[in-house]
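The next part holds the structures, each set out as structure tokens.
Each of the next two complexes has chain A plus one more chain, namely chain B in the first and chain C in the second.
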Partner chain A sequence: MNAALMILEIAVLVLGIALLLLDLWTPPARKRLLGYGAAVALVVVLAYSFKLTGETGFAFGQAYAFDGLALFFKRFFLLAAILVLVMAAEFSDRIASGISEFYSLILFALAGMMFAASANSFPMLFVSLELITVTFYVLTSFQRNRLASLEAGVKYLILGALSSAFLVYGIALVYGASGTMDFAELAGKSAALKDQPLFLLGLLLVLAGLGFKIAAFPFQIWAPDVYQGSPAPATAFLAVGSKAAGFVLLLRLFNTVGLDVTWHWEKLLMVMAAVTILYGNLCAIPQRNLKRLLGYSSIAHAGYLLLGVAAMSPAGSTAVLYYLAGYLFTVLAAFSVLAIIIRKTDIEDVSGLAGLNQRSPLLAATLTLAMVSLAGVPPLAGFFGKFLLLKSVVEQGGSYYAYYWLAAVALAGVVISFWYYFGVIRAIYWSKDPADLSPIEVSLPARICLYACIAGMLFLGLFPNRLVENARAAVLPPPPAKIAEKTAVAVASPASIK
Partner chain B sequence: MSPLTYILGWPLLAALVVLVIPRNYRFVIRSVALLATLASLLVAVKMFCQFDAAPAVDGYRFGQIIPWVASLGISYHVGVDGINVGLILMGAIVAFAAACVSREIKTFEKEFYLLLLVMTGGILGAFASLDLFCFYFFHELALVPTFIMIGVWGRGERKNYATFQITIYLSIGALLALVGLIALYLQMPAGSRTFDIVEITRYFNGHPMALASQQFIFPLLLFGFGILVSLWPFHTWAPLGYGSAPAATAMLHAGVLKKFGLYGLIRIALPLMPAGAQQWMHVLALLCLGNILYCGWVAMRQKDLNLLIGNSSVAHMGFCFLGLASLSLLGVTGCVVVMIAHGLLAALTFGLSGWLREQTGTLEIEKLGGLLRRMPFIGAVLIMAMMAGCGLPGFANFVGELAVMFGAWKSLSPFVVVAAWGALVVGAIYMLRAVRNVLHGPLDPVWAETRDATSLWRKLPFALLLVALLVFGFFPRLLTDKINPSAEIIVEAATATPVGKIAARPAQ
Partner chain C sequence: MQDILFYIFAALTLFFGFLVVVNPFSRNPVTSAMFLVLTIASLAGLFVLLNAFFLAAVQILVYAGAVMVLFLFVIMLMDIKEEERRRFKKFGVAMGLTAVAGLFGIVAKTIAESGVGAGLKPAFEGDTKTLGTALFSSGQFLLPFEIVSILLLVAMVGVILLSKKDLK
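Take a look at the complex of A and B:
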């Protein structure tokens, strides 16, 4: 076993346990400061991760892979957790008791996500996903005195358990058909197994389990309710971390194991992506609750991200990575603003934003930028991400015509989304007669986080070069089998189109 | 550094400066905006004067390239040839005039000037770009402020409806064009893909695009860009949107930003996809009659001055499309001249209507009347603008429209007859009627308190636009001498390969 490779995860776990211990000696009044401390410690871990650039290797046999993709996502999750911890510290007076546990649970979920980034076998995949999901059962229902929060926890628990059952069942079937749980070994066997119904059913069930994590249609039912009911920092981490964990697993699974099989699954993924985009965007239109609105918007964004997966090309995977990075800053900016507003006013309705530009210009500007970035407007990160996704889809249109229709659906979704994103901006700037105009103070750490999110959104939108290069290097090089298959399809395609 | 970078950089830099100025320093904010647009204007004038002397690289002058996203072949590449040099000058003039008339804005001035400057930088950047990605990027940068400005500072009962209508229409147009541009980029072989327009043009000159691809991409660009230019029947956003917009926004959008779609067609769609162009040009010629006739007809029935101007502006776009549809040197040259002339004219009329609305609080033609007595300067300029809109010789519009009609006569003579009738008869009816009802006749005592633009500063934006219209009207060679050589290259590329020849090539 190569423990040195897991240094980042070990550090995070130790930090989480240390936080629980420190809680014993910290007076209640100062407990919320522990969150800032944990965030600073994570900054150190994140800085250390840059020392590991370029390293590759395996631990637990082949079960744990450390490579460019894993490192990219580990940094991603660390960054998300830092911002979420600061947000949680801001939000702490809305959480009745056990704020230190709240921080620790965030760290444990973070560890699960970081393991998921490296998962290279089904047991690892399952255990890391369970670590994430079980932690989130608690995080979502953390405001025990709020009925909505409890409801969110129960819903997440029931549907999460159901999806875990799908996942385990699928893994069992795959194991039954192939005799192995290791991704690398499966990759060698999948060519022979690609017509076996048991194996296909198994992979399909695994896809269902992952679809739940990323909230893709038809596994999206839980998202709006859970987003609405959970405490804002938990929702933010769910929206960014849990979704990204689902995508890293999806990418790794499809890029290594299921190639020969999943190469023929593009139709399924395309339908999933298209329906998810339309469902999320159309259902978001009538929403008045901001967290619920972002819940539906997150479904739509899962659909956009699925575009990159459905493209089944390195360009598509690169686009997914880039899009997620932009999505991180955007969604965390939006939720940070919401957390601060909810803490102050306890109003989650869109109308609660009235007069925000007079109450706090910084919050108004941040939320506006986040909405504009989610809508995909330059010069913000969302635009370049959508551009890359769209490019990867149109690129495949040459070999399979339906990709053009997928691009058309995605564009329709983008146009629909303008409606509700600009509705939020309208509520901020030009609602009539705001009832309350008392200023909202933003503490220094929160302000730093907001500025970091704004800087991230603008930087990724204006200077995409570095990250595109990084993402491209992080995406696994396609194995030879795939290239052969792909050219075969490309050659056969002119006939198949007609 | 290229003067183009200064032209588009000053407004964007000023936007950053405005961002950090506290909001109660109104005078400072306004001064920064005025100074930045004035600086752009001065550089643009200087560039226009030096254009002939500057050395040309690949046919473009004042070029500059900075790699942006190297792995995708995206770079910041600016440069001008005869086609966009005039457009940039026109854009800079309109931007300065728009900053001048923004004095009417009294709420959230900081945000307004910020958006105005971003919009200006975006517009000028879009016209200066020689990189497909930048081209689109800058256009979007200018487009989004338009929506917000109409939503926040717009007027009229149907403001919200207008905001959403313009947002959705223009987003669809822009996204269609984006798909077309991406598809165009993907037509290049995998190893040498680039967004650089110069490189792309060179590649497709040597390796004409497959007919099937042309037939697929050209309509995407035609209708994507067409929606942005209010091509009939996708024009309904324009009159209402301009009617609700604050004067400065309407000036910049109707005057400058709308020409982006036409510029895209001239720069990208025509020369790269000749077969597609030749197939679709008859459709375009039919649709442009919809602009000229239908929208002219609608303009005759308008009771609101802004809606009338908005509809007439849509009608004028028909001439640009007619010039393109002719695929002749004279037609395309005329199209570019109309773009410039109409940009100045639209800015002038929307600026004037903004003044009238500020003074009277209404633009309903029936309520106004006799205002020439109270506003000799504004009234006189409005009469001249309306005359220019009818195509009176001496204004730049006349030159452009005449060139378009001559250019289109050979291939599209029946269309020209109808278009000329539409412009000269229908146009004259509504323009002159508006002049009569708004400016002449008895003065309603309600308007006794209205004021004219008296100080030099207030007169400046209108005078500037009018002078530009007259200068280009009396000395059209200032424009045509520059446009002609560049238009020739484009027309040659667009007409070089007959449709049959490409079809005979083996499909790729």
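Take a look at the complex of A and C:
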């Protein structure tokens, strides 16, 4: 057994339990400081993770995999949790019940995400996803004196339970068809299984279960309500962490186990990606509530990320990883600003941004940069991420012409999205007669986080090479035989379609 | 013999499960809960047929026993009169039926296409000893099993937080 590979997860879990205990001896006035402490501890864990670069291995049979992909996502989740913890500490006086429990729940969700990054068998996949989801049931309904927060919690609970039911049913069918739940063993059998209807249905239901987590069409219906109702730090972690956990499982499952199947599912994934992009962007246009707007925008981004999955090439997977990294800084910047504004004014409407430029130039600049990056304007991270995703899709266009249509739909989605992202920027700088011009102070830790997010957005946009190289090394290369088969299928398919 | 028993228990599970959700005679949640007990009991029968004896016993002890008592407590603490008066929305019913029919169609087609096979041999007899060995030896199930304990901790902390009376 190789349990030492799990050192990062163990550290996070111990930290979470320690926070629960520390809560007992901390006077109420100082409890919010625990969040900063936890963030610093996570920075140490993140720094330690760089010592593990290049290590690979399995633990618990093949159930737990430690490889480049897992390590990339573990660092991703750690970074997200650090920023969310600081955001939560800023937001603490709006969270009525137990702020230190809020911190430790964030850490437990983080542990679940890190386990998901390494999940290499269906029991691990299911348990880590459940750990994430159950924690988020609590986090979304944390402001239980607000009706909206409770509503978000109940909606997430019901739809989350439904998606878990799909997932379990799918896993049961896969097990019934193959007799194993281990990804490595399934990958060996996948050539024989690819025409078995039970196995295909099982994999389809697993896709549905994961689709709920990443909020892709047609499983996106919960996202806007839950995003709007939850406390801002919980929403931010849901938007970044939960979505990324869904994508790492999707990448690992569909690029290793279901390889022979997914080659033939390109149409399904393409339709999902295209409809998700259009749905998210079109529905975001009339929104006035900022969190709801970001909820629809996150649906659209799930669509963009699915482009990379639908491209079914290492370039596509690389683009997904890069895009997620840029998305992390962008979304956390936007939600940090929102959390600070909501804490001060309790207004979630776009009109609440009026005069933000005079009230706090830093917040205004950060939110503007975040919106510009989400929209995908150079030189920010969002632009280069979209460029890589579209490039990976267009590259596949030679083999199957529908990829060109997919790229066109994605471009149309980007153009539509300019409308509402720039509506937010207009509200910041060009609102008429703002009612309240009192300055908003930003505390030092929050300022550090905002600067870190801005630096991340600019750095990834201007110097993408390093991360792209890292991501390329992290994605699992498909075996060469599959690529040859894929090109053979691709050459044959245009003729057969016509 | 086993096949016949399987069909009997499967039919009973479906029948009672149906009555939990749509009971034409009563909309009282207590009746639904009682039918849920019967559903769980017939499910336990299916587990026995799969050689999962421990799971069957746990199903009866924990679900039909302890969990159902909790369910009944919750139902009796809530105001169920309002629930009985509520009408279904036509649009909701139509969409729900469409979704169920679609899912049923896919599953039925899949089963029809794959045919009834011999089925898999159970990996091991599901008594406590073999189950314990499978869960606690350093195989692939140990780590998920341990993560479940964190999950339970999270659920416990969450329930206490959300139900605590005074907000500090």
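Following the convention adopted for this analysis, the second predicted complex is superposed on the first by the 489 of 498 C-alpha atoms of A that agree within 3 Å, B and C clash if a C-alpha of one lies under 4 Å from a C-alpha of the other, contacts with A are read in each partner's own complex, and residues count from 1 in each chain.
Note that a residue touches a chain if its C-beta (ideal position, glycine included) is under 8 Å from a C-beta of that chain, and two chains touch if they have at least 3 such contacts.
This structure is a prediction, so every number in the text was calculated from the model and none was measured.
Shared-chain residue A:V394: touches chain B; no touch with chain C. By the touch criterion defined above, A:P378 lies against chain B but remains apart from chain C after alignment on the C-alpha atoms of chain A. In the superposition on chain A, A:E469 makes contact with chain B only, while chain C stays out of contact range.
By the touch criterion stated above, A:W419 is placed in contact with chain B alone, chain C being left untouched. For chain A, the partner touching the most residues, choosing from chain B and chain C, is C.
Judged by the touch definition given at the top, the superposed model places A:F60 against chain C, while chain B stays out of reach.
In the superposed model, A:K267 lies in contact with neither chain B nor chain C. Legend: residue contacts after superposition of the two complexes on their common chain; A:R288 is shown touching neither chain B nor chain C. Within the complex, the chain B residues that touch chain A are 67-72, 108, 111, 133, 137, 140-141, 144, 147-148, 151-152, 164, 167-168, 171-172, 175-176, 178-179, 182-183, 185-186. Residue ranges of chain A in contact with chain C, taken from their complex: 1, 6, 13, 17, 20, 28, 59-64, 96-98, 101, 104-105, 108, 111-112, 115, 121, 123-124, 126-128, 130-131, 134-135, 137-138, 141-142, 144-145, 153, 176-177, 179, 181-182, 196-198, 200-201. Residue ranges of chain C in contact with chain A, taken from their complex: 106-107, 109-111, 113-114, 120, 138-144, 147-148, 150-151, 153-155, 157-158, 161-162, 164, 167-168. Per the touch definition, chain A reaches chain B in the complex via residues 357, 372, 377-379, 383, 387, 390-391, 394-395, 397-398, 407-408, 411, 414-415, 418-419, 422, 425-426, 429-430, 464-465, 468-469, 472.
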